[in-house]
Amino acid sequence: MTTTIRKILIANRGEIAVRIARACRDAGITSAAVYSDPDRMASHVRVADEAYGLGGTTSAETYLRQDKIIETAHKCGAEAIHPGYGFLAENHEFAALCRDNGLIFIGPPPEVIALLGDKIQARRMAEKAGLPVVPGSIQNVDQIDTARSEAYGIGYPVLIKAAAGGGGKGMRIVNDPEGLGAALSTAASEAGSAFGDRRVYIEKYIPRPRHIEVQILGDAHGNVIHLGERECSIQRRHQKVIEESPSVIVDDAMRAEMGEAAVALAKEAGYIGAGTVEFLVDENKKFYFLEVNTRLQVEHPVTEMVTGLDLVQEQFRIARGKKLSVRQKDIDRRGHAIECRIYAEDASAGFIPCTGHLSAYQEPSGPGVRVDSGFLDGDDVPVYYDPLIAKLIVWGSDRTQAIQRMRRALNEYVIQGIETTIPFGRLVMGSESFQSGRLSTHFIEDEFSDLAESLSQTDGDILMAAMTAALVDYRLQLRLLAVSRRARSEENPWKISGRQAGLRTRWTR
Amino acid sequence: MKKVQVSTADRSFAFELWFENGRYFVRGEGGEHVVDLIPLRNNRYSLIIDGRSYETGVEVASDGYVVFTGARSHRFIVEDYEIAQMKRQAGIDDWAREMLLTAPMPGLVLAVNCRPGDRVEKNQPLLVMEAMKMENDIKSPLTGIIRTVAVAPGQNVDKNQTLIEFEPWRNPEKPVPE
Amino acid sequence: MTTTIRKILIANRGEIAVRIARACRDAGITSAAVYSDPDRMASHVRVADEAYGLGGTTSAETYLRQDKIIETAHKCGAEAIHPGYGFLAENHEFAALCRDNGLIFIGPPPEVIALLGDKIQARRMAEKAGLPVVPGSIQNVDQIDTARSEAYGIGYPVLIKAAAGGGGKGMRIVNDPEGLGAALSTAASEAGSAFGDRRVYIEKYIPRPRHIEVQILGDAHGNVIHLGERECSIQRRHQKVIEESPSVIVDDAMRAEMGEAAVALAKEAGYIGAGTVEFLVDENKKFYFLEVNTRLQVEHPVTEMVTGLDLVQEQFRIARGKKLSVRQKDIDRRGHAIECRIYAEDASAGFIPCTGHLSAYQEPSGPGVRVDSGFLDGDDVPVYYDPLIAKLIVWGSDRTQAIQRMRRALNEYVIQGIETTIPFGRLVMGSESFQSGRLSTHFIEDEFSDLAESLSQTDGDILMAAMTAALVDYRLQLRLLAVSRRARSEENPWKISGRQAGLRTRWTR
Amino acid sequence: MKKVQVSTADRSFAFELWFENGRYFVRGEGGEHVVDLIPLRNNRYSLIIDGRSYETGVEVASDGYVVFTGARSHRFIVEDYEIAQMKRQAGIDDWAREMLLTAPMPGLVLAVNCRPGDRVEKNQPLLVMEAMKMENDIKSPLTGIIRTVAVAPGQNVDKNQTLIEFEPWRNPEKPVPE
């Protein structure tokens, strides 16, 4: 029994809303965007077929307002809601609210989201499905005695993690028994204030893990397949910034093993939809279950480039109650794909967000290059939301070609007006360690002890930049001179310029 | 022919420039260059320097130029060379005068980790700001001494609002006094 | 014995020069552009590592000046010259001149270009290699008696073609013996003035052929492979405008048969380089050799999208004397690719070229979309050269998805300031005949008896456009009103506007 | 509230417009619409018309507006409705006055296939021009009568140079007189 979907409301913004609107267009489905006041001119509003204002500015006033979104869906006649990632994507209450309102939530059933969203429950289920997990407790260890005996059993160093966690919050590395008590209470309190849930648990700390994840798809007919892995080890603030597929350390046997593990867990959980099973991989290539993301990932395009599948269109199929378009044996992986996330962040200042006006913006293109962007020339990057401008994804017949094409595309990409992670992407692509595939989640700290310094070293063009400033200034002077000559003015433009220099006020960094 | 000095906070370059037969000529570090400079849209320029093709953005700020190369943005002051030398002899330093740390984005100041009179290292975290739902360390742009801290924890600040003023100090040959 | 190439001079302009510069960047080779005076700001000059002015305006003064190009290559230290397509790409004298000057010409040896560039010789060689050819003479038929007996043998209708021909020049369809004499002399005279070569020959006229071509690659070690076919039936002025791969009528057996034929001919000719063997296919799927293009084709990206190979990089390998990177059995074709050429032409006025200023320019992107462009926002499209702005290429897992993605991409593509073939592309993608694959080289005339009318019918948005004009005018009036109020002016802005309307001058079509 | 007439050479639309609470309202063909109109860069506008999102370019020409929708460009004259009606009654027709065929590109006139007084059909080839290395048929933009042919074979013309003037004639109800 399959349903027809004629219109989808996209409960998101930025590049992922644009991505979903494009998939709607490809599928012949009408897309309806929603927007906050500062997003009226945003790309997702312009690219969608329809657009409805939510009224308000912050995420809490707009993209997180379940009532407004449901109401808009009803008003515009959408049958389904795509939540993208972030915002309401992993909110099981919202998924349930959609169902209660006769709307299709494009994602797993609320019960599955709730189950896998709880790290302790997800870990228990992974164990049940036979997945290797990081040695540790699967219970709440808020009592110091329990914690002590757990940690003793696991062996130091250990990691305290929040049950409801994410983004490194409520997480502490403990190297010896002395530090345990203090770490336990600060982690619990941090988890309490960040997630409203003080529960924490203890795991073996794996020193230099790789972050490797497996893309899964499950339909309502019990079919679950995996599309191979993505390596997402390069992270800042525990958040991914560069991803690729395949991983240099994953061979066919390991891919099959990880894939089967991911599928086993998904089947155990009754998974329906697109999702990702995340693993940590230690220095001996042993992998451990980490968590499940019950949604489309930011980095899904690298899997699309390698498999040729359109994951958002697969989500649409699944939501309509249809079977997956492919079986496991049909999955034909080809070549190598890399994604660099282009954030409005200054990597040389600790990846600090930079908002502002895109005074010039020009995307790269050509063979093997895809840009999933949420911005257009002349847009402003607002302060209220995630600073992701675009994702630059390249494909090459092998990893070397993919790296070369990424370097070319990063070189062509013009973003003027704000700092971005483009120079950082260049630095990584040019580094011997990335090229030889020596990755871990500590990649940035390990490779660049002083990132600002490394970035400025790659910056051999300061002389050229200085020369350009001199030339542009000189050109301006010549033009002023020509104008003043034409006007037969007595005033010498060099003087004017000198005076202007004297009026110089403050210089901001 | 004109001689200019182009400077950032910690480097300066001297160039002689002239224009002849539709081409610019620049003499400075790295020798003499022939430059074909063409303005494009959005303050961008196409430059062919001795046959090598470059594209840069140059925005005129109230106090100088911001040059966007592919890799980074650079802020420069461009001055007549003679005037720059006179200023230097008179002990005037535009960059030193302008040693401010300003807010890179609007947000909330969560913590201030320095006090007036502190000697701080380049890249040392001086404040913590919350913006875009993240806590961000705001680091020192230079090695120097703090004159004033213009904000306090709990305060909301606008983009480019002054956070910290440094003592004027600049002499590449000599380190900051302990 | 392989050579190293460190720098390549690109003896071309526009999108193909950009394409080659990107391939150079991917291969770690320095690219040197050349440019005419009007092209100083052109994309290929900006994207290349180096750029050298040729001085002059027209093609004859610049991109066709063999002496200037060789001199520039020497001056800048390039070891090789890539001619792109058009200009000097199929000029065997230039290829020989490169060789004589110690430069690598990226293309086949001069002798092969000369041989295959002559249609009569090429046809003879094709017959020798066992390829089916259109029934007809392979000799010069400038004598009416010879022509008459030839035509009688073939059977009417017949086609008179120029030996040195191309682009439909020197070509005449003859339906009966009475018309033969006149057609022969006009064709010969047209061929003489167009190519400086009056030789013509006679072929059986095939009424509604498809144009299907096979991409080949040959290295200096005697390896020749084919990469499957491209269907290029949609043509205007005998020039391709929309291409795709695979062709809907070519199955694996036919692909193998055509491919093997192309390879046999290439081997017979001693082919080295990338090239294309063109065939006409009649309504019974019987194919006939047409001609060989001894260069990269405009439409090469559709093959790249389907095979994952980078043809320009393969050209570099071949030029360096290396073996091809793949063998025939490695060729793994996946999905479906379509290319729409975006010309600065007004399809509703008989594809008339339109030059001018790109007052806004925004390329589409996202899943499956590639743009090979020669222009950037704010550029001018000069009058002196080919009016090709860009090539829009899409890939889909099947033809239906490729068409959908092409429709989406054409919809997203913003080109403001001049007319382009984007509306034509939309019309074709939306037509039932294209969707069901009913193609022939007469597609445009057959499907759109009044193309201008068909284009304006798809144009349901004239009401919206009119409303926009009214609104923008009204907005301007309101702003004038606000300004005049602020200035406490006595003058009524409605009046100002009325007066402006009165001052209206000429209206150009 | 304002009433305007928006016309192309062969169609015209009447709209009533007003502005209220930051939104535009348009009444005309197809009923009443609420429009949110926001200017973007490069003379482009984002419009949300009754919830549907459109993007168009609108360039102000000396004699009206050129609207670039995704599919095509359209040239419009926008006039006060009352004035347009008065003009019509007085027999003034801006479009008819402006019936010119101009060169779409610079080039060389190879042939002229019409003479003053000829009655020509829309899309009938009137001249042949060489430009961009191709011969291009220049077709009649309308069905009408030729008043003057302003060029001759062998003549080089600039872009937008007048090639042909038509007799003023425009009445959608009546065909061109034979």
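Per-chain residue numbering starts at 1, and chain names A, B, C and D are given in the order in which the chains are listed.
Here is the rule we use: a residue touches a chain if its C-beta (ideal position, glycine included) is under 8 Å from a C-beta of that chain, and two chains touch if they have at least 3 such contacts.
Since we're looking at a predicted model, the values are computed, not measured.
In summary, the chains found to touch both subunit C and subunit D are A. Comparing the chain pairs A-D and A-B, the larger number of C-beta pairs in contact belongs to A-B.
Our note on geometry: subunit A versus subunit C, Cα centroid distance of 39 Å, whole angstroms.
Taking each chain's centre as the average of its CA atoms, subunit B and subunit C sit 48 Å apart. One simple way to say how far apart two chains are is to compare their mean CA positions; for subunit A and subunit B this gives 32 Å.
Across the assembly, subunit D contributes residues 41-42, 55 that each touch 2 or more other chains.
Multi-chain contact residues of subunit A (touching two or more other chains): 47, 377, 411.
Viewed as a contact network, the protein chains fit none of the simple shapes, being neither a path, a ring, a star nor fully connected. Looking at which chains touch one another, you get A-B, A-C, A-D, B-C, C-D. Residues 2, 4, 6, 8, 11, 13, 15, 17, 19, 24, 26, 28-30, 33, 35, 37, 41-45, 47, 49, 54-60, 62-65, 67-80, 83, 94-95, 98-102, 104-107, 123, 131-134, 136-139, 141, 159-160, 162 of subunit D touch subunit C in their complex.
Those residues of subunit A that touch subunit D in the complex are listed here as 32-33, 40-41, 45-53, 76, 377-378. Contact residues of subunit C toward subunit D in the complex are 59, 237, 346, 349-350, 352-356, 359-360, 377, 383-387, 411, 413-414, 416-417, 419, 422-423, 426, 450, 452, 455-456, 458-459, 461-478, 494, 497-498, 501, 504-509. Contact residues on subunit C toward subunit A in their complex (touch as defined above): 18-19, 22-23, 25-28, 47, 301, 304, 308-310, 332, 334-335, 362-363, 365-373, 376-377, 397, 401, 404-405, 407-408, 411-412. Of all the residues in subunit D, the ones that touch subunit A in their complex are 36, 38, 40-42, 46, 48, 51-53, 55.
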